[in-house]
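There are two complexes below, and they share subunit A, which is joined by subunit B in the first and by subunit C in the second.
Moving on, here comes the complex of A and B:
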């Protein structure tokens, strides 16, 4: 039974959220704050510049490129070309777990590499120092790959990281060196960096190794970064089902696997925002279709497994998937039955990421909780409204600056895994082949959808809705908790997880139960603040 | 292998985060990062992880256009938006490598903001130039503290019976302890910056965008009239003291940060002399308690080798304290450059000619790790990133400095003063003794230690 949340009048709320802004800002923010209707799906302004001075959750292009997409691959030496800070802040802070097969396998995840650019490098150019750094990294570690990441000053002073990389790649011979122009000022958020990363990985890594891969059902997992061990749980489930994971982009991944990834027969996409480019490019060049799945939520995981089995169209796989689900679900159900009475009817708000604010709604719904407002930090309209709006998205100056690779079918390796007719048939069965429905169709009527929520708006939302839990990131964590509302971090998981698959769902249920029912929230007021006691002394001297 | 191009596992970060931290120590101030969004986001995240507290700051949100045409329009719009929406008393703007590379002039832009009427009456915008490609986070801190001294201080011509204490980069708990010691001594001080009651705010059920702590504008203004300044740290605090001397002829003395016995002794003596007050018996007793423990437990410190890394104004007194404890600081690394730092360390290391010390470029934790592999140590002291070395080499580890991302305590319990030093002694002892208890032979397992 759904305990329905009675939504306050959203137009009143919207007015409250923007009335303090200067007029121009209010007008702009108004377009990013939308009252949802899952039937008609109104337009959301997204992927536009944040107004300077607004306290935003957003980060930069470098964060999206190095931090998100390239960071989790364990055997690349990632050298950040720039002043020290950029590399320092991205050092281990995203919790990308990795599991080398042997203790001696290359693993650079715990390292932080930087050219530590100095004033003289900014004045006279830093390419020379960069090349020295690449040589030193090679001499010390002999890695298979070295990736170079440009930070803001690099683009401005005109250092050519691509030329430097090419030169060093040739010089070193057995090390693949490549660069990313992911300066922090590119685009309007991390999202630009995702796109730049996809382009670079596609150009410089995918397709370098054509060795055949063993296995009957071979797929790549795209947009899964193994935060808190999420990829480990998905790997466990795939293995149990007999599905071969060729490469993950990029949680718990290796250079070798990514270079060989075009040998898979399907790409499944978790985080649509950060990796959809890769899905499209691999489809065009190699003929591998991609399909949107979601392994956040037990029901969603089961559904995604069934979709994968349906894609491969193999009776044995379908049967095995059903067996696995039948084996996993009772454990999940036992926990949810115990927890749900304590979470039923509670409310959640999610403002995070480019897909998490959507996916985690599945888990909350399994807990009987309603998402009253949600939004992304760096998504585009298609992540809200669905990919059918893609042709209508206006390309503005900030997006134009991000390279769009011209991809054509590979003369030798292009091999459509399914015919057009087969794909159409799969789509008719509800598989999101090369498609994504977006967040809004799943959200309730009158709920609020807000892109790039500001600090001011989130505080107002909490005052007005008093949600039982708020999901965002580290910068918001203690602000919200100071207001007496627990905040679940959905970037770092508050150092817990995994939250994917069946075991992950159980972890999440337990964490949310603990958070929303924690006695600490009732201890905030001191006893003497609760009751105005008499100030007369209890004991007096005679 | 000596490296010239590649830094591996840095023992420093960049200037702007230091400026942001310093600005949080002004009451009613919103720090503002003039650069692309990532800088502000990274600095807020790191400070938040370190303090487990809200860290509010705004950004100029540069895009490619601003990077080409200059960031003036972004900063002017930011100032207007911030005063309208977030209503601080002060905006403290710091630059970034991006805005420095394109040559944005913060002084000129803030003047324009004032001329254009974008700064409401009674409100302030201060600024500091903090290019990330110079110095370190410590430099950025010093630059913002200098900025607040220069841009707020006035001299009325009449001296005030008060002493400026310029805090080097220290924790809110340390600042609280400096205030307690000064109060105990009966000395009126202006402490800046002051992040106590800002980054250690109580849970009240309400989020205060501007918590009750922080040095006030009127206190900062009065710093030009103070009888003198004591700068606690030759790298992170002295530049502000120099600025006040230049501008208002406020004499100053630079001290090591009062961490450990000797440095605290010098601080207490200097404060006592500057104010012309006797050191109260209670402080002498505090000192006595520290020396008592140092004497009683001396056997456990003697000859123990220590590796440490971090920031200049911490490493200087910490190294001295380790020597006072009869320990051996054998490896010391800091990414922060500075001749004053070198010189002061050389003075202290006269008592430890065996020590490896390197700071500045390529003085990083990878080098420290190599040194440790060559000459193992009994104890490692440094920020959270040290835990990887500690685990690899199985070394007892004490978290000290910035950032500490995986433990609490630094915001609440000081490292400065005699009581802070006593806490350090306790930490060192516990780390060494826990190790002994965990690894010693069964028959050597001691009940009484």
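Moving on, here comes the complex of A and C:
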């Protein structure tokens, strides 16, 4: 990648970012603010608890468990055990889409169930109310599955959601009821909740149905949550290529598909952070390898398809994939040719998620834009530096609290899909089998990598770099825009999308063009534009 | 779509209320140079910020004491003190508004005690004013949190002093546009006033020529101090009891008379509000407002033919629903169901005061309901349209009922923070929107394509 942007001295910027903090905080934040070098990949402090009183964009583990991982599966009834707010705030907010096969098929995504704990439940315990709520949900819908999510007060008053779930599962007979201890105070961010969700889905859902799945090239799509219809575009491409999608974890998914997912021969992982545990556990128990792919970006999608074809090693599939790419690319190319002259040389910053800050850099480089600074909200070191650092990650008190399931090969179902030698060969061809390189090797030298960027730091960054676009979420949106810089929401996509695959790439190029080249920004004087004059003045000069 | 049966139920499905500290954070945002602070896990603060931001479309910082597993077990004293220190250093606020969450309430943290310790530790260092409101969500909803925060603010800051001409206005949870309009009215009467909380600028402001850690605007602490010596307080909210309100506190503690009234929506309620202002100021209603009133009456007579006899379900906070229902009754619309997730136990009683014949007219109320209950009612009540916040959209879509959006939250339309609801002006806006909703529905359902309606 050739640098089109002249990077300011990053050490000066780093100093600027932390010099207003109290000494102790400055020291701590200094370890999470790193000047990148793709060759040596410096260490980034990540997944450490936010200091009280420092405003973070992070959510809680309940948000990661219920909102992110379990939320998108349409036929599970999710009951939030706790007071009303936690449930209300996680109601349909992530814009996960789903497409039931028929209009009468179950879809509970729009429902928001809560035990709505009252004082007497906090004092005398809420298990009884929880069981009644489960019974009511069952009577109402007769769902295949009911999942229970614990919020903070539940853990403290000692309600045993697992026992209540077991009891109700037995009582109801034909409904799989299971619970999650995902209280918000566990772990440092939503990331803890992802892990808890992975464990629960693996324990209670995966492997319940051994019916064979038809198809020659069968895979599961992991870490794709169908925001803005992303999964639909990937499904379209798979279908065109003749690849069978057994289950998706969890965008546009069903209980049935997840229960059957161990019949696939490959797991492809999009969001490494939220679902890598599942990949590992399925590999150990069933012998299904996992492979990191990226369907954000047209080039990246083509590359990922080629990797999948390479994995299956089938000449017919390889040929078909090439045909599909050849068919899809000209449309993409035409749009790029039109837009790129307007975006070339512009700069972007991405502070979002546990994988998006990495993936979306591909789309920006397709537009000729440089990512000058990036970081995740709730990722771990391996997402930055690559999985090779896993053995060196210190386990702190927060991560120790999250259960690590002991997984062993299934006596009947374990079946390594590839031999050791085959895997080695695939790796030598550049396939990331059971591996992930992380974000930093792809970013330019002297760019900045910042974990859990604070409010204060992002404002400073804007002032110092004057980026053309800032990617984050709605919590950051309006403060960034007050400073005259457009903010692209990469959680909800500003209600646009899809952005995956070929059609998604086109959507994204157009949206970014509209944002960075929008005339409204000329009307807002940003703080550093001292010479530009007032709002009135910029009207006059136009 | 999945169909559902009507059952009496224990769980809440699709809630029609928000949680307690959300209201408190909103109120604290209306104090100048203040930072709201939640004592609990960071998740609540993040969710509440995200939620408020999606309505107001403005930056909203809410700090938290960031509980972890040990804090949850051993108490949050250390985290709270550390958090306060960090917020003070970063923001240099005049006020930190602290509200509890379910978590800190469940473990029983004694926040006033912790604050006392904190002050002692900090010695002579200048500290921001710390206001504390107890807001467990397992008691009450966001409205209780809002009022608790306003009351706590007054309790912390109001001082005794020689009687002044100041009138306190505690309008409750109204839109930034409504706040600006209330200030305009007070100004037009020439009444010196303190309006609390005033988030009309902090939650609906312009671009920043320079970076602000805390957005400009809000009621000043000195103004709040002066509420204790005011000549009177006006407080909106039909179900708001003196024992839980700011004006109630000022009356009890400083003898400032409390004028409690319904949110002024509709001509009758607004007349009462203006009459109170006339009495307190000794000034007759300024011509400008008389004029707005005349135009509104004129609009009523021009538009009544469209809306008369229409049936509507109105939902949301109890006080808003009561005032809306009275207004709807005034224009001949029948609010067949007045529903709220709140449960003050007073809704029926208060509404009866405004519409004595409500039972005979087929007007019903229900407290403590969720959207599934409302939907079930809709099946038998067969309303023509719905009035309430964005959360009713699912029901509106499913039953093909138009939705007139009012109040909070509005996150599926643009400009919710700029809607007027109160006074002659707000009523005019509401009336126009309601009439147009009915007209639009009629126009769309005719296959001829009339352009005159």
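Just so it is clear, the second predicted complex is superposed on the first by the 521 of 542 C-alpha atoms of A that agree within 3 Å, B and C clash if a C-alpha of one lies under 4 Å from a C-alpha of the other, contacts with A are read in each partner's own complex, and residues count from 1 in each chain.
Assume contacts are C-beta pairs under 8 Å (C-beta built on N, C-alpha and C of every residue); 3 or more make two chains touch, one makes a residue touch a chain.
Note that the structure is predicted; figures quoted are calculated from it, not measured.
K.L.:
Given the alignment on subunit A, is it a clash or a fit between subunit B and subunit C?
P.N.:
clash
K.L.:
May I ask you to decide whether A:279 touches subunit B, subunit C, both, or neither, giving the answer as first, second, both or neither?
P.N.:
In the superposition, A:279 touches no partner, neither subunit B nor subunit C.
K.L.:
With both complexes superposed on chain A, which partner does A:228 reach: first (subunit B), second (subunit C), both or neither?
P.N.:
A:228 sits against neither subunit B nor subunit C.
K.L.:
I'd like to know which partner A:463 touches here: subunit B for first, subunit C for second, both or neither.
P.N.:
Touch status of A:463: second partner only.
K.L.:
Is A:50 contacted by the first partner subunit B, the second partner subunit C, both or neither?
P.N.:
Both partners.
K.L.:
Name the contact category of A:353: first (subunit B only), second (subunit C only), both, or neither.
P.N.:
Neither: A:353 stays clear of subunit B and subunit C.
K.L.:
In the superposed view, which residues of subunit A touch subunit B and also subunit C?
P.N.:
Correct list for subunit A: 20-22, 25, 49-63, 79, 82-91, 93, 110-119, 121-122, 129, 132-133, 136-137, 139-140, 151-153, 155-157, 184-186, 188, 397-398, 401, 455-456, 459, 473-475, 477-479, 482-484, 524-525.
K.L.:
Which bits of subunit A are touching subunit C when the two form their complex?
P.N.:
Contacts found on subunit A: 20-22, 25, 49-63, 79, 82-91, 93, 103-104, 106-108, 110-119, 121-122, 129, 132-133, 136-137, 139-141, 151-153, 155-157, 183-186, 188, 397-398, 401, 455-456, 459, 463, 473-475, 477-479, 482-484, 524-525, 527, 534-535.
K.L.:
Which residues of subunit B touch subunit A once you look at their complex with the stated criterion?
P.N.:
The contact residues of subunit B facing subunit A are 1, 3-10, 12-17, 32, 35-39, 41-46, 48-49, 52-67, 74-75, 77-82, 84-86, 96-98, 101-102, 131-134, 136-137, 201, 203-208, 335, 361-362, 366, 385, 388.
K.L.:
Within the complex, which stretch of subunit C touches subunit A?
P.N.:
Against subunit A, subunit C makes touches at 1-2, 4-5, 7, 9-15, 17-22, 37, 40-51, 53-54, 57-59, 61-73, 79-80, 82-87, 89-90, 101-103, 105-107, 136-139, 141, 207-211, 213, 394.
K.L.:
Taking the touch rule as given, give the residues of subunit A at its contact with subunit B in the complex, in rising order.
P.N.:
Touch residues, subunit A against subunit B: 20-22, 25, 49-63, 79, 82-93, 110-119, 121-122, 129-137, 139-140, 151-153, 155-157, 184-189, 397-398, 401, 454-456, 459, 473-475, 477-484, 524-525.
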